[in-house]
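Paired with subunit B in one complex and with subunit C in the other, subunit A is shared by the two complexes that follow.
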Partner chain A sequence: MTTNDELQQQLIQDLLIESFEGLDRFDREMLALEKGAGTTDTPNVIFRVIHTIKGTAGCLGLTKIESVAHVGENLLSALREGKVSVSPPLINALLAYADALREMLRSLETERHEGEADYSELLRRLQDLNCETAVPVPSAAPPAPAGWGLFEEEPAAETPVTPPQTTVAKVLPIMPESEPAARTGSGGNSANAPSAADSAIRVNVDQLDKLMNLVGELVLARNQIVQHCGPAQDHGLLAASQRLNLITTELQEGVMKTRMQPIGNIWAKFPRVVRDVASELGKEVQLVMEGNQTELDRTIIEAIKDPLTHIVRNAIDHGIEGPAERRAAGKPETGMLILRAFHEGGQVNIEIMDDGRGVNIVRVKQKAIERGLVSVEQAGRLSDREALNLIFLPGFSTAEKVTNVSGRGVGMDVVKTNIEKIGGAVDVVSDSGRGSTVKIKIPLTLAIIPALIVTSGGERFAIPQVSLLELVRLEDDQKRKGIELLCGTPVYRLRGRLLPLCYLNQQLKLVPATAGQLAADSAQADAVNMVVLQADGRQFGLVVDQINDTEEIVVKPLGKQLKGISCFAGATIMGDGRVALILDVLGLAQHANIVSEVRDRAQPDKARADQTAGDRQTLLLFDAGASSRMAIPLSMVARLEEFPRKSVERSGDQEVIQYRGQIIPLIRVADHIARVGIPPQDLSDPMQVVIYAENGRSVGLVVGRIDDIVEEVITVKRDSSGRGTLGSVVIKEKVTDLLDVSAIIRAADPAFYLDHPATLAA
Partner chain B sequence: MSTRKQFCTFSLNGLFFGVEVLRVQEVIRYQEMTAVPLAPSMVEGLINLRGQIVTAIDLRRRLELPPRTGDSLPLNVVVRSDDGAVSLLVDEIGDVVEIDDDAFERKPETLTGVARELVQGVYKLRDRLLLVLDTEKTINVTSPGGHAPKSVS
Partner chain C sequence: MLIIDDSKAMRGFLTYLATELSFTTVEAEDGRHGLDTLIKNDPSQPFDVALVDWDMPRMTGIELVQFIRRNRDFDAVKLMMVTTNNTVEKITLALESGADDFLMKPVTLDSLREKLQILGLVD
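Showing the complex of A and B:
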């Protein structure tokens, strides 16, 4: 049975939730009004928010909230009736008034009473504003709309101006906040259609989490049932298990969706933040938000709220200049701040762009040297991109003076740590004088992540895909020559760069051996499987017994008994119902001393620095053997292989090779792009071969040397300079030709693109 | 006036233990376990309890008793804690007994070792003694290694 006290608490809880949402809406509409962007309905919406709060508070005996709300309501009523006009003092007073209500509500939430703060000065301000109007509104009889009688302490004193909408006020705060942009887009205004409001209910998040857990269990039970039913002859049972299978999948997706929230939910407060910060600093800033509807898991939404706020404040404080400075620079006085969110490649991208002065790289370097974060010599070596990343170092702040808004030096490093904690990445791009952009990439959800499953010492482990760069398998000769020892520490040469190796079974003490012994042992094994990982900007190779598969796993936390083991980020339940541990790549790297615990970010890794703007493409760079560097998109590459020259055979006039049970043609790229006067060099032995696959057919492109894999924005600088190329681009300060793969294949093997079944690659 | 309490009882190396029934979520037979490398030795592994991942603590090792012999499998006594459920591995499970508070006696001062820390007190039953475990202390095992706990999301 619910006691009266519990009921009261429940009602207060509802009041709090509704009122906070309502006040957020109040802020938004207020700002719209200030900009002159409000609709005729805007004053009504604002009024209704306050009216609801006042009514509910009155009903619950919260007299202070009620009386404060009441004063503002009078003013709003006058505003609604056009008796007062919108002016900056009015807007300021009403926003302060909303804050006062918030303060009391918060106090109610935490301390269970309305707080001791004195609002009489604010109330006088509101009353004065109201009195400036020609017709004073009698304060004793607030206009009360009809149809909302439950919490009304007195009968409606006036005929409501807009009776149809006011009835909606009751259900108004139930919907998740729809964004202004979406709202205008859908043609409606903020008075939600009753049908929409009626079709949404509040659900406790714990409840959703519980459901999520249960669905995970159901999936496992389903898997077992389906497995058992496989050999069964009973048609009824088979049909039922199939149906169970389908329904479970749908249910799983459905429950997943319930946890998703549009990012607009946290962006909703930014117009207010921007306005406050900008006016405090005497700047003019226009905020544009794109992609409000981009959905994220609620846990992620929570985690990025503070970092985003910080970045936004920073952008206004440090990025956007004051009006005078902007005018001097030939820019419009009003600065632009653009928030953009979009999905890309299973991740959510958030960009915060401003058109301010950009980051002053010289100052950044100076500051970093002053603070002792880098040495003068180090700073001199840093590229602009690397220097920009200095702002993420702990204890760094470029602000000339510490303002109230930002610049306490606890900023960007905390932002970075928080974002990395949820498996995201943050990057800054700056164009001096024209603005800077902070880019954040975060996973869609923390609950379910893609992971690579590996086996080591007989146990399975999951490696989150975000830290995974590539997989390397060394067979036969390669494994003996590939892994070298550096004072007992194994390393591997990956495309000319030394990659430190660590053995998972040794790190986790699954075998009592040293890395050196294991490296020696691996020469005896059939093959060495290496997972190339990135942690804190460093790459390293993790040697495992077996690489199994990639899977979407449900992340579950470990109990406190195991929290101290930095190598694990959690655990998950595999398809067979057994538990597997999730590796924490950064923790593992620290455990293996690959990255020191004190983050040394002074020399950001190239790979990280390369992540810049635009339409990026991952390219495989190679030397074709004709002394020019060439590139092909990595997406076209199936595998990179080495073949001894002696394994090349001939079929007709075509060079072929046996590869994984197929006979594939070999094409010497150098022959097809030969320049006049430069004879093709002798090919190395073993030959470096790029396996290219399309429509189930493969072809091997023989190249001189594989150089690197880079991510670059491709802008063709020069059109095709010779046959076999699409054009030239500059990659890493070197002219690189883009290989026209299809032209070369067509020239070498006209049958490759024909429709009839492959004869060579059958 | 005396109150009565219910205890879930189990045996361990011939000793008779009990935990308050309200602390016990359930008792289940032996489950397949995933060992956790680098974990404290008393952590036997992780079990999948209907989708919840539960740490299993070998109570013999926790109480510094000799290891289990023979091929009988231990049972899981799953207890609730602030940090989620934790399983205690025991030799055999006994009845739920209801005992009068009068039968309680504080642990003797002469008790030594881990038991002194983990045993709350003793109930004098007619034929034997029931050692009552402090579950919070029992499951309070922290992992070794100097690495600060990382937040797990």
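Showing the complex of A and C:
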């Protein structure tokens, strides 16, 4: 008498899905009960979840789950009948109990048995709670005589449930009551109980995936037919193809919709996560969720589940302060954690906001240096935003000690990788003392995307619409004036901003040509077609031969031969049946050296030191006013300005100048590098000033004369020849000193770095 | 009474008969649905008896009976196979799997009443 194995497996699968969902609901209702926000139905909902798990487990011969579930069921039954009152120990025990069930189910899922864990102590706790037959306390029931009639004898007055202990987090999910109206009935013996089964069915996900693939193929076939019918004269055929076109589009949308799930499905577990994490850390956190009806493709929902959990844990662990610290900072003791999701421009935005202490940028830099993720020099050069993004580097963690809560081996780098894997982007904004926000942008779906088709070198390429900003076409005059060469890189001045250009032909070596030839070629061509793209927050122009049309394309993964090439994200089949490659904008930008690969910085310092020999750097060359020529990396320069000498004013013993509504200190470089015996020369009028900005503060470095900007492979000789310099290099056959900007600023204006001990320590 | 049959017409007919015998009924459209309905049922109002069709998609009547009988909580629920399979072999299989009795198709009000009487559910 064996039961069909396949059926058993299938039932176990269903049990797992249903039970995990049920346990999430269980948690949610428990927390409502704890807050005193439960309704008359709450104890029933909780009971039913466990009852179902127990019943199914029993039928599947899962005796351990069944017996554990049984003990809880008894307690919940007593709770439902008002024989047991809600109390913090009860809530805690029941939540632990739900976790125990989860543990066994998970073990069943991964290891195909119920696990070895011993729950006898937990079960004893539950039994004890059941035994102490307390005076029946009405659960926080708003006067609602309807329902199961279990509370009829009880006073209708609103008696709040015992409030939780103070350290327990207050969790207030502001969710519209989204639970479908199903299962409000008892589900019992009433003759025609309308069940959820009438309006909704469970469909195997594989089935949906298969449908989705088929629709993808259909879209391709549709494109082909529509293209072939274009020149056709047959009206009947034209009409039919148009109809096919419309129906396919609708079908595609319909099938996509079936795969959509509200993000609330994964948020449902956050109230519990927040409660647990907060109470573990002795913090008070209020969770607010907005837009939990925002829908996403299920593959994406799956993919962002863990990253989101990690961010939420992080926000509570590192972001939100303890009650005492918050009080001291003049904030309410209860921290706020806000989850928001909304659609925008065909993408889904998710924001996780906290009103905690914000990210300490100085400490981030310090850590990054300690861990060898960036060099001291690099750290000094980073803008606040760039510095914030250091937390996404592998091997980074700001926690002073690895806490139980967020130190679980996965860092923000995993979060970033996972989100980028699905074509999303993640960004952090932090306001020191007032909190931080993690912003995630993800596509709605991965399967079919709108894309711009371009032609270059006779080949067609698809560019995902999400990274597309605008199209620019330059003709004759515009072209000659617009495109300039800056350090050998062609750039275009788009509305006053310099846009680095990248020629697709050249990047993909479609036409064997050097940069010079290309420039010449494009000079001969009638016009330059430019696609303005965005990658990693940086914009650049991609020059292509021809811009075609936008199309919905079905993304097909690349074969493994092409997978390693960063320039391509995938392939698609065009209307005429030919294959077009989909460009990976970020990969392309990195390939063209427009966006640096951030991951490079992740290499330890030692490796970098070896590399510096071969590093190309763009340097600003200037005459310091003293004898020798000096250089500083161009990346440290905010602007080059000229000031008349008379505009110099004094503040204390410091020379200052008014610049864009700010007072910035002036530092005469010559004073700081003067060598013995060579008096500083008189300065020219107007003065040449290099504006150097860091952490939102600026200083002006007064130099003699700006010479040139060069891109050089530099090998720094570490033996510094004089104060204020890092060392000497040979540039264009002349010895050039590398200026130690931070040392000079420190010497002239110690206050500049005062807020930034990290850089000082360097 | 829980009526598990993949034919809507058959369910309707059995419901009609059961109502005649003053039973309250719940219908389920196949074995899986039947199992779910049984499991999710409120234990304070248990089913007295389930009529189980032999041949159903997703989970056959025999499989359903086997699953139900593995859970001791449902011992009190009488299971009656509704079948045209009248070979001794099949009936033995049904009874061995845990069915309490079987009901031959075509079902009539009298045959149903008779079987329910045997199970002690009708006077």
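Simple rule for what comes next: the second predicted complex is superposed on the first by the 418 of 762 C-alpha atoms of A that agree within 3 Å, B and C clash if a C-alpha of one lies under 4 Å from a C-alpha of the other, contacts with A are read in each partner's own complex, and residues count from 1 in each chain.
The criterion applied here is as follows: a contact is a pair of C-beta atoms (placed from the backbone, for glycine too) under 8 Å apart; a residue touches a chain by one contact, two chains touch by 3 or more.
Since the model is a prediction, treat every value here as computed from it, not as a measurement.
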Could you say whether A:Gly587 touches subunit B, subunit C, both of them, or neither, answering first, second, both or neither?
-> first
Between subunit B (first) and subunit C (second), which, if any, makes contact with A:Arg48: first, second, both or neither?
-> second
Could you look at A:Gly559 and tell me whether it touches subunit B, subunit C, both or neither (first, second, both, neither)?
-> first
Go through the superposed model and pick first if A:Gly58 touches only subunit B, second if only subunit C, both, or neither.
-> second
In the overlay, work out which of subunit B or subunit C sits against more residues of subunit A.
-> B
Touching A:Leu11, do we find subunit B (first), subunit C (second), both, or neither?
-> second
For A:Val438, decide between first (touching subunit B), second (touching subunit C), both and neither.
-> neither
For A:Leu701, is the partner it touches subunit B (first), subunit C (second), both, or none of the two (neither)?
-> neither
So in the complex, which bits of subunit A are touching subunit B?
-> 213-214, 216-217, 220, 299, 303, 421-423, 446, 457, 459, 508-510, 555-571, 573, 577-581, 584, 586-587, 590-591, 597
Per the touch rule, the subunit B residues reaching subunit A in their complex are 32-40, 43, 45-48, 50-55, 57, 83-84, 86, 139-145, 147-153
Subunit C - residues contacting subunit A, complex | 24-26, 33, 35, 37-45, 47, 59, 63, 66-68, 70-74, 96-97
Tell me, which parts of subunit A touch subunit C in their complex?
-> 1, 3-4, 7, 11, 48, 51-52, 54-56, 58-61, 66, 186-191, 193, 195, 197
